[in-house]
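Next come two complexes built around chain A: one with chain B, the other with chain C.
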Partner chain A sequence: MKRDYAKEILAGSPQAVARLISWLEDEDERAYSIMEELYPHTGRAYVIGITGSPGAGKSTLTDKLIRIMRKGGLTVGVVAVDPSSPFTGGALLGDRIRMSDHSTDPEVYIRSMATRGFLGGMAKATCDVVKVLDAFGKDIIIIETVGVGQDEVDIVGLADTTCVVLVPGLGDVIQSMKAGVMEIADVYVVNKADRDGADQLNMEVNARIEQDIHIKMSGWVPPVNKTIAVDNVGMQDLWESILKHRAFLEESGRLVEKRRKQTYQETLRMIHNELFRLIRDQLSEDGRLDRLVEEILERKRDPYSTMREILSEWLDSTPKYKEAL
Partner chain B sequence: MKRDYAKEILAGSPQAVARLISWLEDEDERAYSIMEELYPHTGRAYVIGITGSPGAGKSTLTDKLIRIMRKGGLTVGVVAVDPSSPFTGGALLGDRIRMSDHSTDPEVYIRSMATRGFLGGMAKATCDVVKVLDAFGKDIIIIETVGVGQDEVDIVGLADTTCVVLVPGLGDVIQSMKAGVMEIADVYVVNKADRDGADQLNMEVNARIEQDIHIKMSGWVPPVNKTIAVDNVGMQDLWESILKHRAFLEESGRLVEKRRKQTYQETLRMIHNELFRLIRDQLSEDGRLDRLVEEILERKRDPYSTMREILSEWLDSTPKYKEAL
Partner chain C sequence: MAKKIKIIVAKPGLDGHDRGAKLLARIFAEEGMEVVYTGLRQTPEMIVAAAEQEDADVVGLSSLSGVHNYFFPRVVELLKDKGLNDVLVVGGGIIPVEDYDFLQKSGVKAIFGPGTPTMEIVNFIKSNARAR
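Up next is the complex of A and B:
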């Protein structure tokens, strides 16, 4: 008899969840019919993004946040897409041992994802896993990722509330705040706040927030929370900042707006990925692209007009799209 | 009279180069006919990738490498796609002043690119800019980028020789070596080698290289160079490592192979980007995607079958592609 994975997941089977996520990672066809079945059961979880440079202490913060959530009776899913995270096996053994606090708690499901794939594959996979954990019944889903690069910005875009973690002395504040971070931060965390330079960093971040005209107009001024996660200092305040942001999103109608935008992006991304698979498979199958590449390498043709030629053939029988070329 | 930008660029006009790159960044149609004209004049430059975490000292290394190249009579182009790079205006003023050593040298052309765009747009733009600087006549083109995230890995894939810069104490070695870095590194740099832990780091990296079966089979064992870029220590050795790798690629026939692969990826990426643009524009124009997203949000439909429906309609008159769905 065929196993009904969707049913098993909705009934709370972590084994079925693990299997489905593996299929999603492998882009196994079997995953998608299950995802279709699960989809109506999604949209209930609240998604928190935690991002920052390697070494900022994101996993310790996540760990302490999970404790607070568990005390409040909330169930938690974690998707770690940070190559530097202990969840992904990237960091020191000590970190991994520390995280294992939650490994025996059935209400906490932790899944790490290896960086992989081509062009936004990571964002797509993360988006799918968030949905699985949502349907699985987790109240809160935490996405942990490194805050550099477009792929990571796309991943953070999946969160309802994004926490940007900064650390004194890493020297990355100004740069990271220029690199699009200000657009994504709902809550700032100055972690390792007992280090030299914490007050200075705090001031700098606040000054930048004050200068930002978009923030002023948005109705939400990101709070800056000082924490020493390793000593459990400031964690309750951080959690309250997150809850305040959630309340703001819900009361202002922004949550609905945000999720509309996310769904729009997600659908486009899915089309994007699938289209790429189609083109790649078809062009490589008949060896045609190999021949064209040879001619391009010999400078007998250029890649730009070649691209238009291939597309034009592709669209030969759909003239309305061809016009746009 | 219409200006002939291709001719101006081939004749050495930096103004024409700047204009073309701006058009490429804006995805301005005018760029592509110029790119077609320039393409036959490309393929001469040698492309060096420099990647590593923020704070690894990539721009100082680049600066010192440029000096060596210039002493050897080589002309240089730099494409900085690192959001934390002083080239992109992200870092401290001191760094920017230091870099301006080369700003009066007409044989050094530096261009920064802001992180932007959706799904791989950065890799495409960088690829185009490398071609422009190649046609412009630069002997060496340096791509500087942060070594985290898939987009960055794709960017580094444009280089002939990739240098991965590590720093003692950043605690990012093991993790970065897991995150696909070992596959892309042709030359390792342990920068800030006067810091505590430099020898340890050196040993760790060498141990990992020795363990790697793929490296053993490849015929090229990445050298590990210790540098203190800020004091100009170890730079000549690093440059010689790069030259050795270049000689290896050329003599073994790997350079041809590598560029074939790059051209293949590039052509595929261009076709994909263009096709995606067509679909996206069409879907957003008639408001159809907005309506579908509404239904997805209401859980009346799911994004997975919606994606297949959209693509299937698109391909309606090209049944052979439809079969692959």
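Up next is the complex of A and C:
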């Protein structure tokens, strides 16, 4: 008998969730009809992003946040992303180690994901996995990104509240992060406040925020929270900051606005990906793509007109490909 | 996207010897697998919950403190209770050969002691992990 995964997930089966996530990671066709059924049940969870440099304490902070959320009766889903090796394709997924305390709590579902070559700080399927956990009924979903450098900021396209974790002792952090990560913080976390340089860092972040107020005029000034995650210090204040940001988004109407933007981007991205896949597969099938590449290399043709040629051909033949959808 | 073998490497009980487990976790990753290392001091319940949530194809247990005869069968049993019958369970560490038979009868598919060439372990896993 064929299993009804959507039904099982809505009824609370962690195994059905687990398998669906694997299929999403593998881009297995079986996943998408289930996602269609689940979609109407999404949009209820609040999504928190935790990002920052490698080893900054993202997993430890997540662990302690889960503890607070559970005390407040909230159910939690966690998507913890670690990088795949570009050389072997394998991955060591170590975030879970820090969240051991919650592994047998049925109201907490933790899933590790490897990036599988996807850049931007997350895996390609992370946005789908968030929807699965949302439909599964989790109140809060935490996404822990890979340890990021400067411009891996895809998390903003997914999280309602993005927490950027900084730690003292990494040199001129603000300078090195100015390009991307510093621009996406709704809440700053200065973790490892037990270490030298925490006050200095705190001052630098506040100075930066001070400047941002003049530049951005967004109506929200990101709070800075000092924490010692390993010792569970400062966590309640961090949670309050997240709640305040949530209240701000909800009361100002920004939450709806944010999600509209995210849905817009996502819809376009899905169309883009699928179109790209269809055309690529069709071109690769009979070795035509290789031949075209050779001709372009030899300057017998140029990539610009080739692109237009292929597209116009493809548009003419679309009825044929409609069945594939 | 090619499917990857997902494997949990876990240290059940209070055994603090983690060199072998960490080494294997790295080797599995270098062989293209996605490896979740759970860390030390795991109860069978924790290991099985992780296997369930991660949709693990394989659970690898490491024990050097002589507690394998309790922990390994218990993990197999809990997996069965959850209906996770197709998860491959393997073990390693300091395990007397006299115990191999008992462990295999209780559902641990293979035991690898010190000195096993790591490719032997990798090949066994690759050829015995389920499809999903």
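One rule holds for everything that comes next: the second predicted complex is superposed on the first by the 253 of 325 C-alpha atoms of A that agree within 3 Å, B and C clash if a C-alpha of one lies under 4 Å from a C-alpha of the other, contacts with A are read in each partner's own complex, and residues count from 1 in each chain.
Assume contacts are C-beta pairs under 8 Å (C-beta built on N, C-alpha and C of every residue); 3 or more make two chains touch, one makes a residue touch a chain.
Here the structure is a predicted model, which is why all the values come from computation and not from measurement.
When the shared chain is aligned, chain B comes close enough to touch A:267, but chain C does not. By the touch criterion defined above, A:109 reaches chain C but does not reach chain B. Within the superposed three-chain model, A:236 lies out of touch with both chain B and chain C [touch as defined at top].
Looking at the shared chain after the overlay, A:304 reaches chain B, while chain C stays out of its contact range.
Of the two partner chains placed around the shared chain by superposition, chain C is the only one that A:22 touches, whereas chain B remains out of contact. Residue by residue along chain A, chain B and chain C are tallied for touches, and B comes out ahead. Applying the stated touch rule to the two superposed structures, the overlap between the chain B and chain C interfaces on chain A comprises residues 84, 88-92, 114, 116. On the chain A side of its complex with chain C, the touching residues are 14-15, 17-19, 21-23, 25-28, 84-85, 88-94, 96-97, 100, 103-104, 109-112, 114, 116. Across the complex, chain A is touched by residues 32, 35-36, 39-40, 42-43, 53-55, 83-84, 89-92, 115-117, 119-123, 146, 148-152, 154, 170-172, 174-176, 178-180, 256, 259-260, 263-264, 266-272, 274-276, 278-283, 289-290, 292-294, 296-297, 299, 302-308, 310-311, 314-318, 320-321, 324-325 of chain B.
Within the complex, the chain C residues that touch chain A are 1-4, 6, 25-26, 28-39, 41-43, 45-46, 49-50, 52-55, 82-84, 132.
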